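Every chain is named by a letter (A, B, C, D, E and F) in the order it is written, and numbering of its residues begins at 1.
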Amino acid sequence: MIQRTENIIIRTICRILIPAIQLFGLYVIAHGHGSPGGGFQGGCILAASFILMVIALGLEETKRRFTEKLNNIFSSLGVFVYAWTGWMCLLLGANFLDYSVLSAILPADPIKARYLGMFSIEVGVGITVMAVMVSLFIDLVTGGKHGEGL
Amino acid sequence: MEFIISKYNYWMYIVLMMIGFYAMIAKKNLVKKLLGLNIFQWAIILFYVSIGVKKGGATIPIIAGGHGEMVHAVSAAQYLNPLPHVLMLTAIVVGVSTTGVALALIILIYRRFGTVEEDEILEALK
Amino acid sequence: MMTEHLPAIIIVFPLIMAFLINVAGWWSKKPCFYMALLAVTVSFLASLGILNTVLQSGTISYRFGGWEPPWGIEYLIDHLNAFMLVIVSGITLVTVLYSKKSIEQELPQKVPQFYTLFTLLMMGLLGITITGDAFNLYVLLEIASITGYALIGLGDEKAPLASFNYLIIGTIGACFYLLGVGYLYIMTGTLNMADLAQRLPALYSSNAIMAAFAFFMVGIAIKMAFFPLHVWLPDAYSHAPSTVSAYVASTMTKVGAYVMIRIMFTVFEPSFSIQLHPVTAIFGWVAAAAMMYGCILAVAQNDLKRMLCYIIIAEVGYIVLGVSVANRMGFTGAVLHILNDAFMMACLFMVVGAVYYKTGAKTIVDYRGMFRKMPFTSASFAIGALSVIGVPPTCGFFSKWYLVLGAIDARQWFFAAALLLSSLLSAVVFFRILQHMFFVPVESAHKHGNDEAAGLKRDEAPASMLIPIFITVAGILLLGAFSGRIISTVIQFTVPEGF
Amino acid sequence: MKFLALITSLLTGALLMYATIDFPVWGDPDSPASLHVSPRYIEKVMEETSVPNMVTAVLADYRGYDTMFETAVIFSAGIAVVMLIRRPRQ
Amino acid sequence: MDMEIIHSSRPAIAILVSLIAAFLILLTGERARNLREFWTILASVVKFSVVLSMVPFILEGKVIEYNILSISPGLSVQLKVDALGIIFGLTASFLWIITSFYSIGYVRSLKEHAQTRYFVCFAVALSATIGVAFSANMFTTFLFYEIITVCTFPLVAHKETPEAIRGARKYLTYLLGTSIAFQLLAVFMTYHVAGTLDFRYEGLLNGTRGSATDMILIIIFILYMAGITKAAMMPLHGWLPAAMVAPTPVSALLHAVAVVKTGVFVVVKVVLHIFGINLLTQLGLGTALAYFASFTIIVASVIALTQDNLKRRLAYSTISQLSYVILGVALLTPSGITGSIMHITLHAFGKITLFFTAGAIYVATHKTNVSELDGIGRQMPFTMLAFTLGALSMIGIPPLGGFISKWYLSLGAIEAKQLPILIVLAASTILNACYFMPIVYAAFFREPAPDPHHHGNPGKKIHEAPALMVVPLVLTATAALVLFFWPTFFLEIAGIALQNVTGGH
Amino acid sequence: MIWQLDIILLLLVVICAAAAITVKNLFSATVLFGAFSFLMCMLWTEMGAVDVAFTEAAVGAGVSTAFFIAAIYQTSRRSKD
């Protein structure tokens, strides 16, 4: 399940499919404001692309591209982005998560600033969800032998 | 009769919830318990989503033509109630997280006892 | 300028620190402890600030995102919240100080993750106590629970199973709570507690509201390990790592009790839970049973930690009893007991952890002659034990005092008798241990020639463990002395109207 | 045990059904849930946040604080699993 | 009745002195034993001086009050020194000085283990005893009462043999169990009925007869009497003989003075200040209590006759003597009350002498049984002389202090027109004589049994216990003698106490 | 919203749930659970909760099932009940 597969068809399809899935994931995150979707769904789709990578290309190769450390940092980073957005609002003098004051540092009026603030947190959610889902999957599928490289 | 039909969604969610609840208590297999737990949570999500439904022409909670610059007046009856949906997004995430942690615990238990059947584990503990 | 934002800081600062701890852990394990300590200290100071503000200017309202209450999430902090915040963050501070050595020994490989989760757990508990939104409370409850499951699962051999069972039962509890919220929502259309309290009275006769209340109570009873829904607690807490059991034992059930009080008397009016549906009367009897059950089973235990777990079940019974007699005295006693019990349990579990750290002792027999070996630790245990029994002048006596007076005021003689009887039973429980700790039968000591040969050489726990223990001991002694002041400054304002 | 579980779940179900009797009719546009808090989200979402997807708007702005904890839940689950079963690198 | 109230921290200091000493003793530990013992002695002397310094105010009819902390309205930890308290305080703190010397001699010559723990607990126990003596309300009393129980537990279990631990467990079960189950409940009910717990001279519950039914008041009274197990009234006396496994100085001070006297002192307080003479007379509870006490007096004396172990015999004697105090106060007559107040002090001096001698005999010869004491008077003349004085005082024979209290008690019985009580007093005097005089006789006039280990006649040689032990017991015996001739000081204070409760007539 | 479709989906959901907890093979149970999730997802789309349905599709039917299969792969696939 997690060994590298040598089947050329699968490998090629994955090579084509994975970037497409990732692109779609990014689209879902970015376009969550106007259509169904958002950080969580997009993050899951991104994670799915990595899960596919693990299944098709093997854990070793995946880990070379998306290392354990990077994964861990990403999972923190996402929530950090979220909390920091809120914190910025606080520093700018409004209540926590009151994005309208972000207009002071963003080129937008208060209403539009809310839009951008939401975008920033959606990105945060997406990053965390992606990283955590990947790490959860790898941990569960290898029974925690993540670090030993199987 | 009227009253049974008019709320059939709620009855179904209750049945679903009972199935999940039963599995959580009665099943000896830990994975089965966890499946029961998921069904239980999903039943509650179904219940919440059912709250948000509005009959009589309400559509999905995305404002039509919202990308345009002009903002036209919107009446509440036109769109579904978005709040339960929001709550349930959170609940789904919580459900998945719980599942993840539970599966990790199951793997740990399997590592220690070589089984995921509760009665066999209790046997092994003696 | 920052004081008005304290309600946000108290939650968000530890959250941000949790991520930083996790990231920092990739480079070095050393700063993790200090970062966690910083996070907790800031929260503690913030909670003091909040309490101060509440005492001076009454209820605080903080609106997240700047949205007015029923639409956005609001923190509505009254005396009870502020009081609980100080308890929870104070106990956390003590526990973090204590955790350093014990974690280094028990979980050397997992220090960063441990502190990340620990900080998140504290954040969850603080969030539960501070929030004014019913659904927000659910999310925070789940944070606290998930981190709790993970931390408990880290313990000894049997911990994963115990933690799994806790997870299943705890999720049932949380889901019941969620169902309750859903039922309130479908009937009222709002999630804000204050708004709910306004809109609910018109609906009190509705079946749905009754069912919602029932689900709330069952869900919370599971979370606070209220007899007979306590079955997960002894396993989960006794197999957890020492720091974790010290922490969860002293805070989690108390936070559960807080949520119960909130739901009973803020979301619903006292008249609902006392007269309309006399749940308090039922709760009173069950609580009396809980006290008896907890103490009796504690007598039967050999493992010290497990024994303390049953004592917790009894203590939860005390708190619920105080609430359920539904008068000023009883309620005061219950709230005071939340405070006192947090300190007592922290003290006892920390001592057990410290002894385990030094000697690996677990059962009561292992504690034989512990006084010779670890005099200060043992003395602290003795004080904690006396407080649980309710011997003056320790703080446990004072809360029991109010509880019994409450029972008498309510003309519930049986409850008063039950309180005293369970005190007696806990005296049996604890003096059995104290006897082992303080007296080595002369023959066994002499058989081995001298104390040193019998393994009784003095070998005290490290200072980083002793100091937190001493803090809790000082708490136990001082809270007793100042209970009058605590009641007159804070607790009397928490009593619901109509009591 | 199984029998007990059956009884318990049936009782819970019965309680829920009993409660359902007082519910507003399913899909009723005039139910309290549709009338009290949510109309504002629907009617003002564009002018207040300029986001057409109400779910996103409520999720990320009106109740953004919830979502932050939702993310924290995911995060803590990730850390929890790492801590529970990942074996440290040698 | 107006009384001048002085606010002073002296009572608090008197309590704190030995607490601080306990702390210093703990710090000093085994490393510097002389320094450690010095703290004990210093504290005992200072404590006595502080207590003594309050006497003049009391004699002027004033009352000293000190509020430590208020817990809630009607509930506070408060100290109040009045005539009744000062008698008990004086007795306890004076005897602590003597016992300290005696203890040092005892533990050193027996090379006891855990001496630091011993002295620490001792100091704390004394602190709490003074606390009981000076407490202004039932709450404070209960607080210190419990502290005494807890901190004497290690003292009783001191030897750590299975027997000692069993005895200590019994001790604790009785004392803690009854005080939590009955006394605390009684305190709660008192608070519920009266709304406060302050001791009042006319009786706290006196005015509540209208609001509370007689039944409730009677229940409260019974709960109190069942709860104050330290007074060792039958049938809840079992802990006292069991606690005799403790080292002798512990038995001496704690079971002749601190613990048991605290018990009877609290009984006196409850009778006089919680219920009050009027209320008890109206309820008819005084007589009931008097008969109950009489029963204990006779039965305990009879049991004492059958005991061979000297300390156990003394223990049963204590049980019977404690009931004298209760009897006296239960008579609810002026002379009875005076007698019972006097008996607290006078019995203390007598009984402590007896325990001291028991300890001295044990240290010098390792004998514990009455049957082994033949001819010991020749070997330990001072000790046995002191024993004789103590015994005479117990019996109540004129040139000794015990006579005075018995005299007043008898007067009280006559005042109360209770002829049966008078008979009880007479009978118990005879019984006392029956169980004490044979010891004296055997000690001085019997030939010692031939000792298999020593040939020759070791009994002839004077072989006393260390001076550190003999001097204290001689002192207390002398005191018992002196108190007969100059009881005026105590009588005067007892008079003030009596005046307080009877309202001056 | 079409109520006939609604009822059919609800019935299918209940059947899948019941089947998932009844079958003895855990892999089958997980796959049935995946089907359950997918039907739920359809149900929600049909009720107009598109965001929830999207999430459900990504999580319930996708990631969550993958987690279950991963864990069963690590442990055992048989179940006694």
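We take it that contacts are C-beta pairs under 8 Å (C-beta built on N, C-alpha and C of every residue); 3 or more make two chains touch, one makes a residue touch a chain.
Please read all numbers here as calculations on a predicted model, not as lab measurements.
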Exercise for the section: Could you run down the chains that neighbour chain C and chain E together? Expected result: none
Completion exercise
The pair out of B-D and B-C sharing more C-beta contacts is B-D
Completion exercise
By Cα centroid distance, the chain farthest from chain F is E
Completion exercise
Closest to the centroid of all CA atoms, by its own CA mean, is chain C
Fill in the blank from the handout: chain D to chain E, mean C-alpha position gap in Å, rounds to 69
Handout entry: Separation of chain A from chain E, taking each centre as the mean of its C-alpha atoms, in whole Å
Key = 78
Handout entry: chain C-chain D separation of Cα centroids, rounded to whole Å
Key = 27
Practice task
Give, as an integer number of Å, the spacing between the C-alpha centres of chain F and chain A.
Solution key: 24
Handout entry: Of all residues in chain C, the ones touching two or more other chains
Key = 15, 19, 22, 64-65, 135, 139, 142, 146, 149-150, 153, 160, 179, 185-186, 191
Completion exercise
Two or more other chains are touched by the chain F residues 1, 50-51, 55, 59, 63, 67, 70-71, 74
Exercise for the section: Could you check chain B for residues that touch two or more other chains and list them? Expected result: 8-9, 15, 19, 21-22, 26, 34, 50-53, 55, 58, 60-62, 66-67, 83-85, 87, 89-90, 93-94, 96-98, 100-101, 103-108
Handout entry: Residues of chain D that touch chain A when the two form their complex
Key = 47-53, 55-57, 59-61, 64-65, 67-68, 70-72, 74-75, 77-79, 81-82, 84-90
Exercise for the section: Using the touch definition up top, name the residues of chain A that touch chain C in the complex. Expected result: 69, 72-73, 75-77, 79-80, 83-84, 86-87, 90, 94-100
Problem - Touching residues (chain side chain E, partner chain C) in the complex - result: 69-72, 75-77, 142-143, 146-147, 149-150, 153-154, 157, 159-162, 164-165, 168-169, 172, 176-177, 180-181, 184-185, 188-189, 191-192
Handout entry: Sites on chain C touched by chain D in the complex
Key = 15, 18-19, 22, 64-65, 67, 70-73, 109-110, 113-114, 116-117, 120, 123, 127, 133, 135-136, 139-140, 142-143, 146-147, 149-150, 153-154, 160, 179, 183, 185-191, 199, 206-212, 214
Fill in the blank from the handout: The residues of chain B that touch chain C in their complex are 21, 24, 30, 33-34, 37, 40-41, 44, 47-48, 51, 83-84, 87, 90-91, 94, 97-98, 101-102, 104-106, 108-109, 112-113, 121, 125
